[in-house]
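Please go over the structures that come below.
One chain, chain A, links the two complexes that follow: it is found with chain B in the first and with chain C in the second.
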Partner chain A sequence: MSFDATLDMAGRTATIRLAGSLDTATAPMFREVIEQASTGPLELLVLNMENLSYMSSAGLRCLLFARQKMGEDTRVMVLGANPEVSRTIRLTGFDQSITMSRHVAD
Partner chain B sequence: MSVEHVPRDRIDSYPTHRIAGYGVRPGRPMPFGATLVPGGVNFSVFSNGADAMSLVLYRRGAPAPMAELPFPRGFRVGGVFAMVVYGLDYEDLEYGYRAYGPERPRFGDRFDPTRVLADPYARSVSGRDVWGAVPDWEREYPYRSRLVFDDFDWDGDTPLRVPAEDLVVYEAHVRGFTRNPNSGVRSPGTYAGLAEKIPYLRELGVNCVELMPVFEFDEFENSRVLPGTGERLYNYWGYSTLGFYAPKAGYAATGRYGMQADELKTLVRQLHRAGIEVVLDVVFNHTAEGNENGPTISFRGLDNAVYYMLTPSGQYYNFSGTGNTFNCNHPVVRDFVLDCLRFWASEYHIDGFRFDLAAILDRDIHGAPLANPPLLESLAHDPVLRDCKLIAEAWDAGGLYQVGNFPNYGRWAEWNGKYRDTVRRFLKGDPALAGEMATRYTGSSDLYGGRGAVASVNFVTCHDGFTLNDLVSYDEKHNEANGEGNRDGADDNNSWNHGVEGPTDDPDIAALRLRQLKNAMAILLTSHGVPMLLAGDEVANTQNGNNNAYCHDSELSWFDWELVEKNAELLSFVRACVAFRHAHPVLRGAGHFRGTDYAGTGYQDLSWHGVRAWEPDWSPGSRFVASLRCGGHAKGGTVQDDFVYVAVNSHWEALDVELPRLPEGARWRVFADTSLPAPRDAHAPGTEPEAADQAAYRVGPRSVVVLVGPRAAAQASSDNPSD
Partner chain C sequence: MATVRDPVVVPGDVPSLELVTRYVLSVVDGLLTPPAVYRMRLAADEVATNIVTHGYAENDRTGVLEVDGGADGDRVWIRFRDSAPPFDPRDRCHAPDLAVPLARRPVGGLGLHLVFTMLDDFEYEREGDRNRNTLIMRRDPAR
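Let's look at the complex of A and B:
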């Protein structure tokens, strides 16, 4: 069960690339990276989930954490989440303050 | 298994002991239940009778426990066992308790240490995560307690606080509302599915949905397969609670991920955004543990004699008709109920509660009715619940019928069963009811004098009994599909089939039934008090004459969305009536009428009329009741509205009726006339055509006519728009 979260900062955009399995055991790592990203002023936080194979409810809760960590001026975008994850995000209302995008090219 | 998501910066966030491999320390007794604390979970459970207690931990779905942690002696305060456990995987955890104590049923103790018991305060219950998925019957500890995060983003949402007198309530079953494939929603039969139908609710105009039970229950309780048809029957309605703090997982499209709390909260938030309140039907009169032969799930094994009303020999009183009776006025249970409702009001932003068989809530621990039941008083005065609607089903299965005298503390409203019975009988033409009909129509001041019309929740149908369509289509109940030889369900339905039992091709009968449906809706939606519609009645949903569809998870009980088009005429009529109610504050007074002209308009707030204006006929043969409300007295004279004249003729012949005169310059307009074909049967507010004859009106046979008389022309220039 591997997980990786890498952070790229480019100007006022931060991108976190997630890979592997995001669950209770790995969620704290993700949260740490979110905290790192939140240190500078950001316009956009991109969570790239193209290579994420699994996300549990603990992972979904990290989206809330990201939203709360970022100021109101920061847009949070989830990129390339698989259909099951997208659907769960929508049904549980996590999508209301987060932009969902299918593709990497925005 | 060593995940700690919060940095420990306090000395009290470190373990002091190790039990079964886990770091633990003495917990805090309050709050009860499982609470996330820095680095761990505080588990607190009480039992006055237990000698010892263990916390039992499972990995999610695992058949056997992964650990069992006895509470050390020092972890106990009074009857409360409390322990913080560190290093738990919150997401993957299921927990329960094992209570050790005497097995002496005669004295009320039914401890059973062979059972793992659910936490009465569990925020989530697993085991029935997907509706109808056949459970593993051999599984030890079938309904397992789980943790829930309280990090939902409400985005500023708060309960709506719509004044009770302005409500139009819509009673719906979460699953039945969208389960039919023809609902067209992406997640049929779920909270999310209901949310997809919010545009429909808005168009209908209701501003409150009352959800039948959404606390976790087991749809397989008493489940059986009907011989012959092979159809499986379920505990579909859900009036049998397993977890009072846990939303039903099987009603959530995300229940399989344990995210039902988020999905239900999302539904509440979306309804609130649409201006629609959420009232929950709550069942505190009994639990799913049944009688002596029922399963030991939670309460029975923790403190049987506290939670249940017991006879002197330790048997269960059965005022609920389901085997046991929750001991609501025991001080401990009282707190349990109060805490639970506070939780739903604050954590889920619920706007109000309807209490199933609420008469049980005013019985003492021996079952005797109390004049001043402490639970009801507490609920009425609680600060957290201050803005919540409290609605009683003011009777129980033990013969206590309190419609009109439910202890109310100026706060409680009631399902007005007498309204239902009277309107049904008057509609079908029963004699000698004109007087009672007038009383029920105007908020039942005989029952609720001093409490106001808002104490009366008016309804003609609800989940329990015939649908409105079936009320006008069947003389008798047809409950054969329930598999009980048609013996279950009420026999006194005050229904009438209008000539043929069940569906018919006879155009005259079909037309008469449709008119009667419109009559019922027009009466209900212009009555004083709080109107409640049963979901589906606005499109003539049928249960094929079944008046007790509690066990059917099928087309029989589901909302048939094809009717939205098929019965569009009725739907349009109901929408118009709801819109008319919202447009006219004179229909929505909180208080009762006084029968005087206290606002000095030249008209009484309410006056009664007959075939001759100002001459009502209360004689036994009269089947005609007409009322005139004066808009100058709307909301106690605080706002200005139009005159509204409503004539109900339940006689089989038309009547030529003299109309009361309006002030100089004002002219009668016809909002609704159920004897006219659509679209002339009802009109949108502001588009009502003028009556041809201002002095008289022909009220058709078995018809309702609603006229609106705009405020006197003389006043018009100085008036402000009201409401």
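Let's look at the complex of A and C:
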């Protein structure tokens, strides 16, 4: 199962694009990219999940890590998650601390 | 009619989880709707991950994970056997406290919460010196 996480920084916005399967084996790679993104002050962290096909609880723990790593002033947004990934995030109540957006234009 | 797939036996470690997922998908693809396939894959991944990371690694144990699966009437099932210390996931499942903000949330328990939310049924049995976990989805087109 392949996985990829790439980071783009633009001013005070960091965007991490995720692709493939986010699970126990691939989560450490995502955590590393979250660490890189958290080095400067951020207003917004966008997690673009349009190409993410699968996410287990290992991925949820990464979201928790991202939320805890970023200061309270940083908004964390999940973008374009598929219905199954979205459901997993909502089931655990993570959508109360993370903005969920279906489309890039939202 | 009942169908049972030949079991696979893999080392009880993280790199083997991908093999487990491939096996699970090969059993349930075509038997369940795509959303139900996803739910079974996720539940199986969480159970297998729990066995290799908590059952074996955290107890300084090594062992194998035996997986089989099949269909019987409206039941589609995946079964795991491992030789880690006795562990009944049903005793450890509690829903996360949704009232606690994410920044202060403990990380444990999420995987098992997903398992019981995703599946239609779950069975645990201690079988000699092995744990046996059976994950069940019902073939119901209405779901």
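One rule holds for everything that comes next: the second predicted complex is superposed on the first by the 106 of 106 C-alpha atoms of A that agree within 3 Å, B and C clash if a C-alpha of one lies under 4 Å from a C-alpha of the other, contacts with A are read in each partner's own complex, and residues count from 1 in each chain.
Just so we're on the same page, a residue touches a chain if its C-beta (ideal position, glycine included) is under 8 Å from a C-beta of that chain, and two chains touch if they have at least 3 such contacts.
Note that the coordinates shown come from a computational prediction; the quantities given were computed from them, not determined experimentally.
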Contacts of A:Gly93 with chain B and chain C, given as first, second, both or neither: both
Which superposed partner A:Ala10 touches (first chain B, second chain C, both, neither): neither
First, second, both or neither for A:Glu72, with chain B first and chain C second: second
Partner chain(s) touched by A:Tyr54 [first = chain B, second = chain C, both, neither]: second
Chain B versus chain C as contact partner of A:Ala27, first or second or both or neither: first
Which superposed partner A:Leu64 touches (first chain B, second chain C, both, neither): both
Chain A residues contacted in one complex by chain B, in the other by chain C: 23-25, 56-58, 60-61, 64, 67-68, 88, 91-94, 96-97
Residues of chain B touching chain A in the complex: 3, 5, 89-92, 149, 151-153, 155, 187, 190, 192, 252-254, 257-259, 262-263, 265-266, 269-270
Complex contacts: residues of chain A adjacent to chain C: 1, 23-25, 54, 56-58, 60-61, 63-64, 67-68, 72, 83-84, 88, 91-94, 96-98
Of chain C, residues touching chain A in the complex: 14-15, 17-18, 21, 35, 38-39, 41-42, 45-46, 49, 53, 96, 98, 101-103, 105, 107, 110-111, 113-114, 117
Partner chain B, residues of chain A touching it in the complex: 23-25, 27-28, 31, 56-58, 60-61, 64-65, 67-68, 87-88, 91-94, 96-97
